[in-house]
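Lettered A, B, C and D in written order, each chain numbered from 1.
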Amino acid sequence: MTDESRQARWESRTEALLAVASLLYLTSYAVQVLASGLPRAWRDVCLAVLCAAWALFAVDYAVRWRLSGQGLRFVRGHWLDTVVLVLPLLRPLRVVHVYEAVQRRHGRPRLTLHARVVTYAGLSALLLGFTGALAVYQHEHAAQGATIRTFGDAVWWTAATLSTVGYGDVAPVTPVGRLVAVGVMLGGLALLGAVTGSFSSWLLQVFAREDEKRPPER
Amino acid sequence: MTDESRQARWESRTEALLAVASLLYLTSYAVQVLASGLPRAWRDVCLAVLCAAWALFAVDYAVRWRLSGQGLRFVRGHWLDTVVLVLPLLRPLRVVHVYEAVQRRHGRPRLTLHARVVTYAGLSALLLGFTGALAVYQHEHAAQGATIRTFGDAVWWTAATLSTVGYGDVAPVTPVGRLVAVGVMLGGLALLGAVTGSFSSWLLQVFAREDEKRPPER
Amino acid sequence: MTDESRQARWESRTEALLAVASLLYLTSYAVQVLASGLPRAWRDVCLAVLCAAWALFAVDYAVRWRLSGQGLRFVRGHWLDTVVLVLPLLRPLRVVHVYEAVQRRHGRPRLTLHARVVTYAGLSALLLGFTGALAVYQHEHAAQGATIRTFGDAVWWTAATLSTVGYGDVAPVTPVGRLVAVGVMLGGLALLGAVTGSFSSWLLQVFAREDEKRPPER
Amino acid sequence: MTDESRQARWESRTEALLAVASLLYLTSYAVQVLASGLPRAWRDVCLAVLCAAWALFAVDYAVRWRLSGQGLRFVRGHWLDTVVLVLPLLRPLRVVHVYEAVQRRHGRPRLTLHARVVTYAGLSALLLGFTGALAVYQHEHAAQGATIRTFGDAVWWTAATLSTVGYGDVAPVTPVGRLVAVGVMLGGLALLGAVTGSFSSWLLQVFAREDEKRPPER
């Protein structure tokens, strides 16, 4: 059996497990951040889930590295996986892929490319926004001179940032909060690029189709 | 007579009526929000118009659902109609379609595709802006610590949001106001995408035409 | 002699005169707004220039309307000219056209389309920014509770608005100032569209050229 | 030996030296701005490096002008070099070119065009952001009524400006700081254009490839 196929088999087998683990990771992180009045026992459960999920991600990364037989080149070639290993909060973004896989498996026709781009961009923005709001809320809500005091403020701030509107009525003040903010800004830039790019290419397609229908007149 | 044609006949017959109803809906909502000093009788008239128009929308939705004979699939396939049924304030956006239909009926040539996109985007932005300003003003002007105190403030805030400038000198503070704001932000993203996409595809068309005219030199 | 050719002759003859008049209009407006300590006599000269230039614009519009022999259709067909007649401050934007005409007359090769778009967008942004800063400064600097107090503030605000950044540290507070601001925001949206669209179509051209050079491999 | 080839030889020989000089320039500028507690001797070293590097740039510009034998046309034809001579802080942006040259020399395949655009835009944004944050910090941190007080504030402000979000919680207040800010805004516009344009053209390429694969069905 070749390395390639063993890698593919590993990935197809662990796909669902890892997707569940990443959603569990996000959920327990959210519970820990938001439910400040939780009894100690539940907090420990959340922490255990966080650690277990992360250990799973690390094992998966190590196995795939091993199976690839590539050495350090693997780290550079799979830089997205490496980033996701260090920042496991971003892992749920991969659920978008799983969603497509599920659709295909059930024999439904795949969405057209435009609808897929819009769906991906929307789902990614939602997930990134929720993650960003959680992280910013965690680091900001107790800081001195903070304007982001409730989770509602954090969500509001995230929406204003992702759409690149940026009112500034609430804004992070701690270094870590601002670092998270830069990540959300990058997501906003990408979202804007996805919306604009989709619209632009959709328009061009419509034009091309209209040109084909009509005889050239001008 | 097939289901398809009965549906089409229903839609062509109710089109004008529904357009008038949706404009009436928006008008009476605007009157109720803005004319706070209105005598009680007039306020009741406005409320009656609001309810009657919404009942009309519900009946239309039900009839079309029935005629389609599709069951729950109809709700998903016509998700835009479903959204508009729940948020009837967004219904006037459909006037843009009626406008085009009127143009066609009178035998005028249809606008070129670029002009149509710009006209649609402009009209939609105006309608969405007016609706958003109304809704934000309604929920904000009496809130504690609000910065949006007059309808002028609400319009100014909407313009800054739709263009994704976002000064933040006035900004919503209530949860409902911020929810409306997220809708206006999405409209701003779409508007930016429409303007940029139109310009980009227009440029590409001009380039293609110039290339055809000139003999290839470089 | 046909109507068409008489119109064309009129336009080519009055082109330079109108360009000078529009620059004089902008200059005397700027002097009146900025030089508050000017002696009365000079202010009267500025006012006279403003009126004379506007009269010239009105005469030109009337003559072209007459020559076209179109009746009310002319107003709709030349809506940009109509807007410029009502808001003569925007007229210098037409200088961009004159600039191109001058270039052609002197036998220099015309700029490539991309360079032209960027040059136009840059010049238009500069002119629109200067005009907007002047108009906002005039209506804001003496208003109660204004944050735009000096012409430097107005220029800074205009730059933040045209780039759709929008800090909001200074922002207009009067109704007229905010109306001007909406115009500047529209200019910012258009500028963003021009920059993005140019880049996008330039990239596509480069790709097409590279594809031609290389033999198809993938 | 023709002028052309002498120019090319000069450029290929001085390339590495100038790249090192420009990085040294940026480094010593950063040290001077950030390390306010540095002993006098070290500050003098930094100043000497700054002057030496700038002298090198001036000599390089003069030699290339001479070799070109073009007179004043050279200044206009190489306006970017002229700008960089006056604002040597922007010179490290040319490192991006060197990076590509190094890649080519070592026999590695060149990046694909899309990856190159994204890499360039990212590196340029990082360098421009660092330079802008330094310059704004230098002119703002001691100004009266300034909100940018630490280098962290300056970096945060730069990120919000480059992504065109613009919170306005911190913003420059001095004329020079605002001038620098306009430069950073222009960089933000260009970055947005690059991200959106890349995405748009990438989408169009994907569509074209999918169209080729499938038989025309619609």
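Rule of thumb we're sticking to: a residue touches a chain if its C-beta (ideal position, glycine included) is under 8 Å from a C-beta of that chain, and two chains touch if they have at least 3 such contacts.
Computed from a prediction, not measured in an experiment: that's the story for all the values here.
Enquirer: Measuring centre to centre, with centres taken as mean CA positions, what chain is farthest from chain A?
Expert: Centroid comparison gives C as the farthest chain from chain A.
Enquirer: Fitting on CA atoms only, what is the rotation between the copies chain B and chain D? Please report it in degrees, nearest 5.
Expert: Result for this pair is 180 degrees.
Enquirer: Please compute the C-alpha centroid of chain A, do the same for chain C, then give the distance between them in whole Å.
Expert: 43
Enquirer: Between chain B and chain C, what is the separation of their C-alpha centroids in Å?
Expert: Chain centres of chain B and chain C, defined by C-alpha means, are spaced 30 Å apart.
Enquirer: Which residues does chain C have that touch at least 2 chains other than itself?
Expert: 160, 164-168, 192, 196-198, 200-201, 204 - these are the residues of chain C that touch more than one other chain.
Enquirer: What residues on chain D touch chain B, complex-wise?
Expert: Touching chain B from chain D are residues 164-168, 196-197, 200.
Enquirer: Quick check on the complex: what are the chain D residues that touch chain C?
Expert: Touch residues, chain D against chain C: 113, 117, 160-161, 164-168, 171, 173, 175, 178, 181-182, 185-186, 188-190, 192-194, 196-198, 200-201, 204-205.
Enquirer: So in the complex, the part of chain D that touches chain A is made up of which residues?
Expert: So the residues of chain D in touch with chain A come to 152, 156, 159-160, 163-169, 191-192, 195-204, 206-207, 210.
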